[in-house]
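Pasting the structures in now, so scroll down.
Both complexes below contain subunit A, partnered by subunit B and then by subunit C.
The block that comes next holds the complex of A and B.
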């Protein structure tokens, strides 16, 4: 046997190991950037506390003056952490939607989940309608959540019909988007101008609605769904090769898809219900992750978590520094920051990522 | 005598030229007998002119009064049941105005708020209506209430042939504003820093507020210093809750109303005509625990107040200004009684009785001007 034939497998595995190493470094880079952004988000604010004071307030809340404690624990921390959690949840939801539906345009927004949530919220804001008996003060998020889950359920039901392909599901989703947008417009037509203003404001998204309980629920959903996705990661990777190939590996494609859609709905519905529609993250977060790190779920999943978290965290910083003292709607900022970066990645990438 | 009479109320059909709030010269046959209100809340002005029967000239109106101020609407509906028969229109602003329905009412004039201008221009309504001989006149008492309410009242008075009555209202309103403005100008008291929380309890978000217009302006006239004026570029906006802490306001004023229909058992404060004030005060108490107010001078001094939100779009805002002044400078305005002013205005100009309940403060609030920053 000649030496090239002998060394080829060794080369390949060395190349593979190098690739894995490179991806690990990329993930680490994301982690560092996200942490930096979080620190920046916590350190910046109209009350000019020093970083030292903020750190002290985070670590030993009882040792600092009441006002500093309130600013850090009741205002900055919930908002900054909510940015990470919401970004991560929406990005993962988008990533897995794109994977299971095998469509680059899929996201919680193209499937009508956020349009449904907006409609639910608008019903509450405009007419005080509670779709579900809920605590006072939680009518709007509960409404948004109920509508989001209903629309997801509708998609699940339709997707189980015979002969429905992934493309049909995406089309159904788009039909839902238009339906709920029309219903939203109908609500606005009958609502007072004040309610219309509130609805418009809600749909632009706002992290100032973040509270510790809401953050807790969002984190809980992420904590439940991520390990399940990780366990299914090889199957999900295989799904991208096509349904038939995946089935030939012994994967129950229909069951996997249904399971994934349920988890995606939870991941998308909670954040949208809590902070309004921050649409862009769910579409762009996963694309950025995929272009930088590839399709392998072992890396793609954590990368999506971090691109989403990072994108929203940066947006959170920008939204409060753009007009010092005022709050700029986060949904607007996210799109304006994400779009240029996204376009430069699309135009700059040499290989087809989709 | 005869000549003066003729000048103040020309016989029907006589054409007069008026200048509206956009500076347009408009020909109208005055006094108008049939008018469409492009905003229902224009009734606030109409009622002060046609006090005996404010409904007589109105042949159509927008439904905003019924939705935004149901208490006032029901007070009028009780006395003038015919108000329920007035056809309602969609708004020009949102493009839901039905021009055919308007034409069918054969109005002598249509009164529009200036914010409807863009939509009206886009749809070329003015030209279409002009072709049918229906003039459109723009008025304003929301965008720049301090400047525009007076010319708006004078204009409507002229259209209705009620100039004297309009002048009487204008004089009364100016006198009431001067009671505050002159005292502030004469004494130049230290201006307390004031944060206005807009639509408290309507949205779960904190710190919606006013820039340097509307309530923001009222605060300034009343001798306060609106902490959001340098931060919010337009009339409406949202402050970072932390910014409120950084600004350290001496006084917090929450604009609110009974929003049971929108936010059932929400944290709104039900101030407004005939309000349950002890209950309103109890709900106001919860605002002292908001993170945005933690440790501020307002929180230390319990200087929290709630005021009826609809003053933001009412020619009766001078009553709100008086109350704000009394809150900011209690010793200076010890003799001023805003409720008495409002009652007197109802008795002199309006057909419906006054019901108190537009304002509430926490008990045990420390006097403000003593703590105000220089």
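The block that comes next holds the complex of A and C.
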């Protein structure tokens, strides 16, 4: 982002406006790529349809044969849109965790929220334990959600203790990861072979669990949290200058951090409960957004939405094309295609990524 | 014109008292106040308490202010931030904390440009914070503080990472700014010769208390240096009449 020296205030003002335009173009580029990936995701599947047919089925459902309409609207659209929604939610959750905890390793995965959700899901899958018996029909997602919220709540409680720094919170999160992974292993040890297979499949993450109601809930959570983040965008950006600096700006750092952590918990818990563990997006989506667009939250926030959505959508496309007729678990694919891209981005960048 | 007085000011961290019974005379617009004292004496705590970042007993009496407590701006010591923001964005960020709203106006950009130019960091405008040296970061931190349009400035060791040229440049600039804009500038300093040269008043903080307060020449004395800093020193006038601290050794 280095540019030739511009020393006159007018030049700098023009330079800033040019930088903002460049960021807007980048966001638009992400939007175009995400839309293309979505269309491709809809077109791919065991039954081959052309892009034109699929687009027609989405825009004018009454004008296409019923089979195509059912495949697109009942199977592919919820899954493809869920990829976008889950990717966006996890990426934004990771972005705000990294911002509020001032730590590049923070994500729903590294703070134990995903591990807690996996343990909750495993209890349901292996032993039929329902943590919320009134939702008997949705034991696995409800268990996963309850455990995710419990772990997030535990982190909140501990973070409110006097003298607890952001580094301590990250360490507590890592301790939770190990604890829940050990408990998950214990469940698998006592479970039947079939149950173990189900648990393992769940922990790999799968978009095939997507339904319209689950998609609706995920989108609702995003729709509630994003405007709140946007409203605090200047304050959240200031957090990255350090707690003292942010507080000196008149920001109530403790309150902002708590509010943000509550919203992050919702953003992380619902997707994990619905589609299983997808670890990579929440960590890397924000880093890619940060490297490309910087940390002004007015642009970083939408960029994180886009990078997360795009990463998971591309992963969904790849998961369908690796072996024709089979769908690979999305969590595995996301990491496999995302890691090389991420490493090339970090090593190729002339500037520090954090 | 703004005036400020501290009465029986105190602050606590948990159960331990970090600051108590700090009283000062009334400071007037245009004054530079050196806040001096050993490490961990309570200087930063005093600044945070005055800025409202810490709670505690006592009163911060502000009169003639157009912005009230919002006009008291603290510049922290920590300059380690390496957010992926350009210098220009980070100064704008400080300015935007008081003028919320997503859109950035031309007036705000002009203000940021003028501040960057006045501190000699205009050429760094589109460099990322992570690429800057310690001294450059300190100048950016000063710029961020100025962007908040302060009436009372609390600067915590603003020259600690600067080379000698930049130290003099910043202190000259701050003194001019205080005089021209009618600010009251508190500066925590370890270089007592700079305090003698640039400041009108000295406030000595030690063990969480204001040990002495008064015109620099009357406060920075051999006795004070022996008591507070535990050093043997003399105060002598240079050829131009400015008093100088000459350190002979540890007391």
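Quick notes on this one:
FYI, the second predicted complex is superposed on the first by the 342 of 354 C-alpha atoms of A that agree within 3 Å, B and C clash if a C-alpha of one lies under 4 Å from a C-alpha of the other, contacts with A are read in each partner's own complex, and residues count from 1 in each chain.
In this text, a contact is a pair of C-beta atoms (placed from the backbone, for glycine too) under 8 Å apart; a residue touches a chain by one contact, two chains touch by 3 or more.
Keep in mind it's a predicted model, so treat the numbers as computed, not measured.
Legend: residue contacts after superposition of the two complexes on their common chain; A:140 is shown touching subunit B, with no touch to subunit C.
By the touch criterion defined above, A:262 reaches neither subunit B nor subunit C. Contacts of A:206 after superposition: subunit B is touched, whereas subunit C is not reached.
Legend: residue contacts after superposition of the two complexes on their common chain; A:198 is shown touching subunit B, with no touch to subunit C. In the superposition on chain A, contact of A:76 is made with subunit B only, not with subunit C.
When the two structures are aligned on the shared chain, A:127 is found in touch with subunit B, with no touch to subunit C.
Of the two partner chains placed by superposition, only subunit C is touched by A:249; subunit B is not. Only residues 14, 48, 51, 53, 70, 73-78, 80-86, 88-90, 92-94, 96-98, 100, 102, 104, 106, 109-110, 112-114, 116-117, 122-123, 125-128, 130-131, 141, 144-145, 148 of subunit C touch subunit A when the two sit together in their complex. Those residues of subunit A lying in contact with subunit C across their complex are 1-3, 5-10, 12-13, 15-17, 19-20, 162-163, 230, 233-235, 237-238, 240-242, 244-245, 247-251, 290-291, 294-296, 298, 351-354. Those residues of subunit A that touch subunit B in the complex are listed here as 45-48, 65-67, 70-71, 74-76, 124-128, 130, 136-137, 139-141, 188-189, 192-198, 201-202, 206, 208-209, 320, 323-327.
Listed in rising order, the residues of subunit B touching subunit A in the complex are 64, 67-68, 90-91, 93-94, 96, 199, 202-207, 230-233, 236-243, 245-247, 259-267, 291-292, 294-295.
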